[in-house]
Structure formats: C-alpha cells, structure tokens
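There are two complexes below, and they share subunit A, which is joined by subunit B in the first and by subunit C in the second.
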Partner chain A sequence: MSNSKKPKLGLSLMPTDDFRQATDELFQSNKVNALEWSFDLPLNGVAVEPWCSELLNKYSEANALTGHGVNLSPLSAQFSERQEAWLAYTQQEFKSRKYVHASEHFGFSEAGPIAHGAPLAVPMNAESLHIGKEMLKRYTDATQCTVGLENLAFAFGLEDVKRQGDFIDQLITAVDGFLLLDLHNIYCQVANFGVPELELLNSYPLSKVRELHLSGGSWSASVSGSRAAVRRDTHDDGVPQEVFNLAALAPKLCPNIEFVILERLGNTMTDPESQQEFREDFETIEEILEFSYA
Partner chain B sequence: MTQIRELKRKKALLAIIFASGVLNTQLPVFSESETQSTDSIIEQLANSTTISPEIRAYSLLSLARSYLKGGDRTKTEAAFANIISAPTHFKPSSRWHNELGSWANQASFEARAASSAKPKTELHSGIQEISAENLVLATEALHQVVTHLDNVSGTFAKLNMYFIASRLYKRLGNFDEMKKCDKVLETAFYAAETGSSVECEQIYAVSSILNSMAYGLIPIHIADHQSQQIATINLFTENEFKESEKLKLRAAAIVDRLLPGDHVRRKVHRDLALWYMKLGKVEKAESEKQALFKLVDSKDEKILYPQHGRCGGLIWWVTVSVFSGSCGMG
Partner chain C sequence: MHKQSLLAQYQDALQELLSSGLTHDEILEALRTDSRFKSYDEYIKQFDPDMVAVACELMGKWAKHKEI
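Moving on to the complex of A and B:
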C-alpha cells in the first residue's frame, strides 16, 4: 500500500446542464473534494452561469481548485498574438481566483485552419525543447503558480510514444513543474501501439506526477487497416476497465499525487443512464483510492 | 484479502487485482485473455455471441482488408482477437458513418487501381504480392461478412459495407460474389430513386455510395475546410469525368428528394460545386453553387465552408460568427 496522503478526488467542471444533473448528487453529498476548471473556455464564448461561478469560488476558497488550460498550444513553433492574448487573459483569471496549480497539454493544437483539435506531438528536438521551456516560463509568469503538462493520447509513431515521457520531464524541469498523468491517454498508447502499460508508465517522470486524469474515449476506424481500430481520447463515454486498472497501479508508482480528476465532455451524458454511469465511475475511483491509500 | 472483499464495485476490485498482479508477478494477470482458441480468428469473430452484428460485420471486413494488405498475419490476428476479448469497447462511434464513407472511397479507388493498366502508385494496393494463404483468408472473411450483413441494423452501415465488400471481391477477382453485392446496391439505388416512402437514411446511404463510386474514377477529396491553395486537377480523361459526373448527378438527384433544409442534401450540392471547381469546370461549378444558394437561401460565399464547433465539430450554413467551447480533450 502507498504511504502517501490520499489525493483529492474531483471533477472537471463542464458548464452544461447534463453535467449539472449528473453531478448534483455527488456535490450534495460532499464527495467531490476538488474541482478542475478549463479556465480558457470563456475565451471561446462559453458562458459561465452562476451555478458554475459558485462552484468555482467555493473550491477556490477551499484551496481545491485546479486550472487546466486547453488552447494555449504550448509547443507551437511561433509565439503568436493569439497566445499572447491567451496568456493575458489567464493572468487576469488567476488574479481573480486562487488556483492550486495550472496545467496544459504537451504538444501543439493549432495549425492552419485547425485551432481546436486534439494536441499533437512535436519533433522532440532541441528547438522544440527551447520553445516549450520558454512558453512554460510565460505560463508560470501568467499564473504565478506551479505549472504542469499533460501527456498526449496521440503519437505519430512508436518512437514518439517512447520519448514523450523523457521530453516532458525536460520541459517541466525547467520550471520546476509537474506531470499531469492522463491515464486514458496512457491507455490510448497502450492500445494503439501495443506497449506494455508498466513499461510505458515507467518512461514518464512518475515522481513528478501531481495530478491524474481519468476519462473515457472511443474507437475510430483505422485508415491504414493495420489494426482493428484506433483508440481516441474523446471524453464522450464511461471510463473503461483498463483505465481503472491504471488508476489502481498509479498510486503504487507515483508517490506525489495530489489530485485525481474525472473528466467527461459536456453534452455527452444527456440521458439518465449515462449520468448514472458517470456517478458510478466516480464512485469506482473513490473506492480504488480508498483501498490504495488505506 | 479482507480489504479486497470489502470492495463493493466489481470494476474497482478488478483494478486492484490487476495492479497487484502487474507489480507482484511476471505471469499474465488476466489468464483468460491469453487462452488460445483452436478456432481461426474468422470463426471466432463470426461465431462470437458477445459482439453486435454491426461490429461483427465491420471487424470481418477490416480483417479481410488486412489480409489483402499483407504484413505480419500473427500481429493482425492478435489485434482482432482484442475485439472478442473486450467486445464492449468496439462499438460504433458518432463518427461511424464518416469513417465508413471514407473507407468506401478508398476501397472504390483501390479496386479500380488494382484492375487498371495504369502504372501503380504507392496508393495503388494491388494484390500481386499477397500470399495465396492470405487470399484464401480474405475470401473466407468476406464470405462471413456477407453472411452477417443482413443482421446489421442501420441502412447506412449495411449498404456501405456491401459496397466495400463488393470492391474487395473485385480486387480478389471474385466477380460472381462482387455482382451479388452490387445487386443489393442497385436494388437500394432504385428504391431510393423511385420508392414512394423512402427513409432519409437510405437516401444518405445511396448518395454516399454513388459518390464513393465517383471517387474511384477521379480520386479527389472535397475538404470541409477552405484550402489555402485552390489547385485544379487535370489528371483525368474526359470519359472518366463523364462517368464520375453521371454518378454524382445521380446522387444529387436522389438527395433532392429530401427537404431543402436537410444537411446532407445541401452538402452533396456544395461538394459537387467545389468538385466542378477543382476540376476546372467553371460554368458547371457556378450553376451548382446557385442551386446550393437557393437551398440555403443565402448568396454569401461563406456558406461554402463551415465554422469551428465544439471538439473539432463543424457548424454549417451560417454566415454570422458562432462561438463555441473547446472540448478539453488530451
């Protein structure tokens, strides 16, 4: 069993009705110990309704609010005006609310007309490392708190999969940052590249993991036909058993986990069955943590 | 073990057992998934009672394609064995129709390329190099697909899979089986054109297949997003153009049975306008664009391209800017 302190179990807040319906019971029973907020959603026109603001303020005051940026695109080749505006917005947001830490995704997520795609890996060379370090320093300056990077679901090849952990380690070390270990993304790479989960996990700087993400995803057809299907981190379904398995493994490997966050995209659980499934996923994680930190 | 017994949730229990197994033993944790069946992977997929008819047919079709592609057969079959060991993971996603449509395009192109006398390019996946054993296995998998296709619910999936099976049979040179699949498709085309009460999904399916057939003749993709460079394509014969156009116009006529506000109807006309444009057929492009403007009730060129929606989603047929949230996926 782990000797560490049990992490706070929380939810990624979605400003949608289905999320509110699905989670009301969990919030009412005080089971949600932390809240994660993709604080850049309003930059894309998302309205933050009063019930969301109330939750954000409550968790902020309780020192249990984490920030998770989505659209910075930290490893974009050029520092753009859009990123500059994003950082300025972030600076204001982090002044107005207290966050424990801030995370973003490894890789880039804008290219040509595609500005909201899933992040993709960059060539892991000295230039990318320099660009990434510089951007993490800007992110730290803007948030005035510890920043971290999340591992990716996608990879262009096995070499990307093998090298990602070490490259992220070099990036976060530059700002004394942390690794946000997304277990569904690990599962995507296990499923898509056939890498043993333990071997893959051990390629990451596990002592620097401060936060875990758990979610579901979906399978897409393989264009090449070389595999049955491709696993994608689409956050639109329940948590698969393989990800729960990784959640039970992580506490044994990562001694410094502080937050465990369950994610599911808004508007993907509009029926009562999927809302119930979401609550059950949450309670399953709760049980795994209770056992692991007993 | 006392603590393990106290776990109420089966998923949590399985996870704890998994984690203990990974760290404490070199033996496989789930020995049942390691059990080797004496049945072939084709038989296992065909006879599995745990997978849905859609996934069964789709998996067998994918397997047939993989056999035709060649490569390491052991690895391929191991990948497909996962479908049987974790059937609930392999369910049609929201992108199922798009994926089938893309595959139908590719299958159409590859089948024509394989039978063409033109020099092969890297995209032309001929079957000359495939082993005799793989050809036998591909045929066997395709027979199983066709056997199970009638149980597939959803006209779009079913007809597209018939089409893909037809093209794979063509690549195998098995024209009798190809014709059987084509007959199913022709019946569906005719019903969509003349039926007194045709379901929308049938119209969507046949128009998509007709466009895939056209793609086999002139393989150009009409992207949703506006390209930075508008390049015209001229690597086609006039006969290929006429045949391809005939198929596209047939698809357009069929979707015109739908209401003016139907997305697929609008999209077929929009893609046709851009297709003409890409082929340098300026007058025809303009005429088709005007037909689209009438459907959308707008003459703004912006409607030719969508706006970004949530999670890579697209918002079509609007000219004013629409805000949408990001999805936050990693």
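Moving on to the complex of A and C:
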C-alpha cells in the first residue's frame, strides 16, 4: 500500500460534443478532481467553446488544471520559427490561466517537410540530450512552472524501449522536472517488444512521476509477420484490463503521483454505449485509487 | 550557408522518407545505405519493420506539412 496522499483523478478535456455528453454526469457529481488541457489545440484551429472555457477557468481557479502540450516537438534538432511562435503562444496562455504544471511528449515531429505530427523516437545521443535540455529550459521559461515529459508509446526498435527511461531522466533532471508516466504507452511497449512490465517500469525514474495517463488503443496488422499484431496508442477505445493492472501497480512504485488523467480522443465515443464505457473506465480508476490509497 | 548537424540531417531524411509513400522496406534500405548516417548504423540496424510501417501510418494521419 502507498502511504502517499491520494492523487487527483481527472480527465483530458476534449472540445467535442461526445466528450461533453459522456462526462456531464461525472462533472455534475463532482467526481472530476482535475482537468488536463492540451492548450496548444487552438493553434491548430480547434475552437474552444464557452462550456470548455468555463471548465478551464473553474479548474484553474481550483488549482487543478494541468497543461499538456502536443506540438512543441522538444527533440527536433533545429529550433524553428514555428517552435518560437508556439512558445510565445504558450507563454501568453500560462499568463492568462493558472496551471499546476506543464508536460509535453518525448520525441520529435518537426523536421524536413513536416511542421508537426505524432512524436517519433530519436537516437539517444549527446546531441539529442543537449537539444532536449535546451528546449525544456525554454518550455520552463515560457510556462513559469514545473515541466515534464511523457514517455513515448512509439519505438523504432528495442533500443528505444530500453533506453527511454534513463534518457528522459537525464532530460527532466536538467529542469528539475517530472515524468508523466503513460501506462497505455508502457503497455504498448510491453505488448510489442515482449519486455517484462516490471523491468520496463523500473527503467524509468519512478520517484519523479507526478502524473499518470490512462487510455485505450487499438491493434494494427504486423507487416512483417513477426508478431501477432502491433499495439497502437490511438486513444479511441476503452481502457484495457492490462492498463488497469498497471494503474494498480503504479502507486506501489511511484510515491509522488499527484494527478491521474483518463484520456480519450474526441469524436471516438459518439454512441451512448461508448460514453457509458468511458464513465465506467473513470469509475474503475476511482476504485483503484480508493483501494491503493486507503 | 549554415551546415546542418548530423542529427538534423537524419531527422529531415527520416521525415522525408516516412512521408514519401515508399514502403517500409524501401525506407529501411534508404536509411541503411545513406552514407551520411554511418555513425547511426547500429541504431538504424535495430529498426523493426512493423514500427517503420506504423510510423508511415502516423505520418499519414497526423502530420502537418510545412507551408512552402
């Protein structure tokens, strides 16, 4: 059992009707103790409707709003004008609303013809380390709060899986930052590379975990035929049992968790059944936390 | 003209290849035979074809191209 204080359980806000329908009951019953916001969504043209702004302001005032950037691309080798503009936007956003902390995804997406996209793994060498540390310092300057990195689901190969924990530790140590431990991402790597889950978890700086993410995903065909299927972090389905099991394990290993956030992409739960499934996932996590921190 | 670092050249080439429409085998071959990335040989050698295929899919779904 953990002797730590029970973390706040929250949701990743999606500015979509299905999210609103699925979560209204949870918000009304005051079960949602924290809110995570991918504050850079408006940079991609996403409209923030008044009901979203009201929630953001409410959780900000309650000191329960966390920021989760998507498009910084912290390990891109070249610092771009787009990243500079992203940081300027972020600075304004963090001045206008109070966030507890700010996170981003490990990896890079901006390079060559691509402005931004899904983060990909980098060679974990001295150059990547230097670039990542510099970018985290810029992120800290822009947000004026503690920043962290989320472990990546994607890996080009086993080396990416085995070395990511230590490399993230070196990056976040440079800014006294934190690890956002995404349990579905851990599950993806366990499923895809056959690494024992405890061995993989222990390769991360678990004392620096301030936040957990839980989500679902999907399976893709294996083009090589070397595995039955490839687990993908698509955020478009319910949380699998394996991820709930990791959530039950995490409090024993991570003594400093402050937030636990359930994620699901907008427009992936348009029918009542999947909205009910989302609420049930939330309640299952609630029960796991009750038990773990009793 | 400013000379790009090896990492920058590698990231540019990788994103170019992943968004090119080439197959995962062709992408792997291109990376493995590009003499610029000789010092990344060991790293690239462990690339899993399934994961390169996933990276191509991710590119198709989420990548936003730079405006020319």
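Brief remarks follow.
Here is the rule we go by: the second predicted complex is superposed on the first by the 287 of 294 C-alpha atoms of A that agree within 3 Å, B and C clash if a C-alpha of one lies under 4 Å from a C-alpha of the other, contacts with A are read in each partner's own complex, and residues count from 1 in each chain.
Definition applied: contacts are C-beta pairs under 8 Å (C-beta built on N, C-alpha and C of every residue); 3 or more make two chains touch, one makes a residue touch a chain.
Bear in mind the structure is a predicted one, so any value in this text is a computation, not a measurement.
Between subunit B and subunit C, B contacts the larger number of subunit A residues.
In the superposition on chain A, A:S218 makes contact with subunit B only, while subunit C stays out of contact range. In the superposed pair of complexes, A:F156 makes contact with subunit C only, with no contact to subunit B. Legend: residue contacts after superposition of the two complexes on their common chain; A:A118 is shown touching both subunit B and subunit C.
With both structures placed on the common chain, the touch criterion links A:P50 to neither subunit B nor subunit C.
Common to the subunit B and subunit C contact sets on subunit A are residues 44, 112-118, 220, 222-224, 226-227. Interface of subunit A with subunit B (complex): residues 12, 15, 38, 40-41, 44-46, 68, 70-71, 105, 112-119, 150-153, 182, 184-185, 197-198, 213, 215, 218-229, 233-236, 240-241, 244-245, 247-249, 252, 263, 265-267, 280, 283-284, 287-288, 291-292, 294.
Here subunit C touches subunit A in the complex through residues 4-8, 10-16, 19, 24, 40, 43, 46-55, 57-59, 61-67, going by the rule given at the top. Every residue of subunit B that touches subunit A in the complex is listed here, in rising order: 3-4, 7-9, 11-12, 14-16, 18-19, 22-23, 59, 62, 65-66, 69, 71, 76, 79-80, 82-83, 89-91, 93-95, 99-100, 102-103, 106, 225-226, 228, 308, 310-312, 323-330.
Subunit A contributes residues 44, 76-78, 108-109, 111-118, 120, 122-123, 125, 127-128, 131, 154-159, 192, 220, 222-224, 226-227, 230, 232 to its touches with subunit C in the complex.
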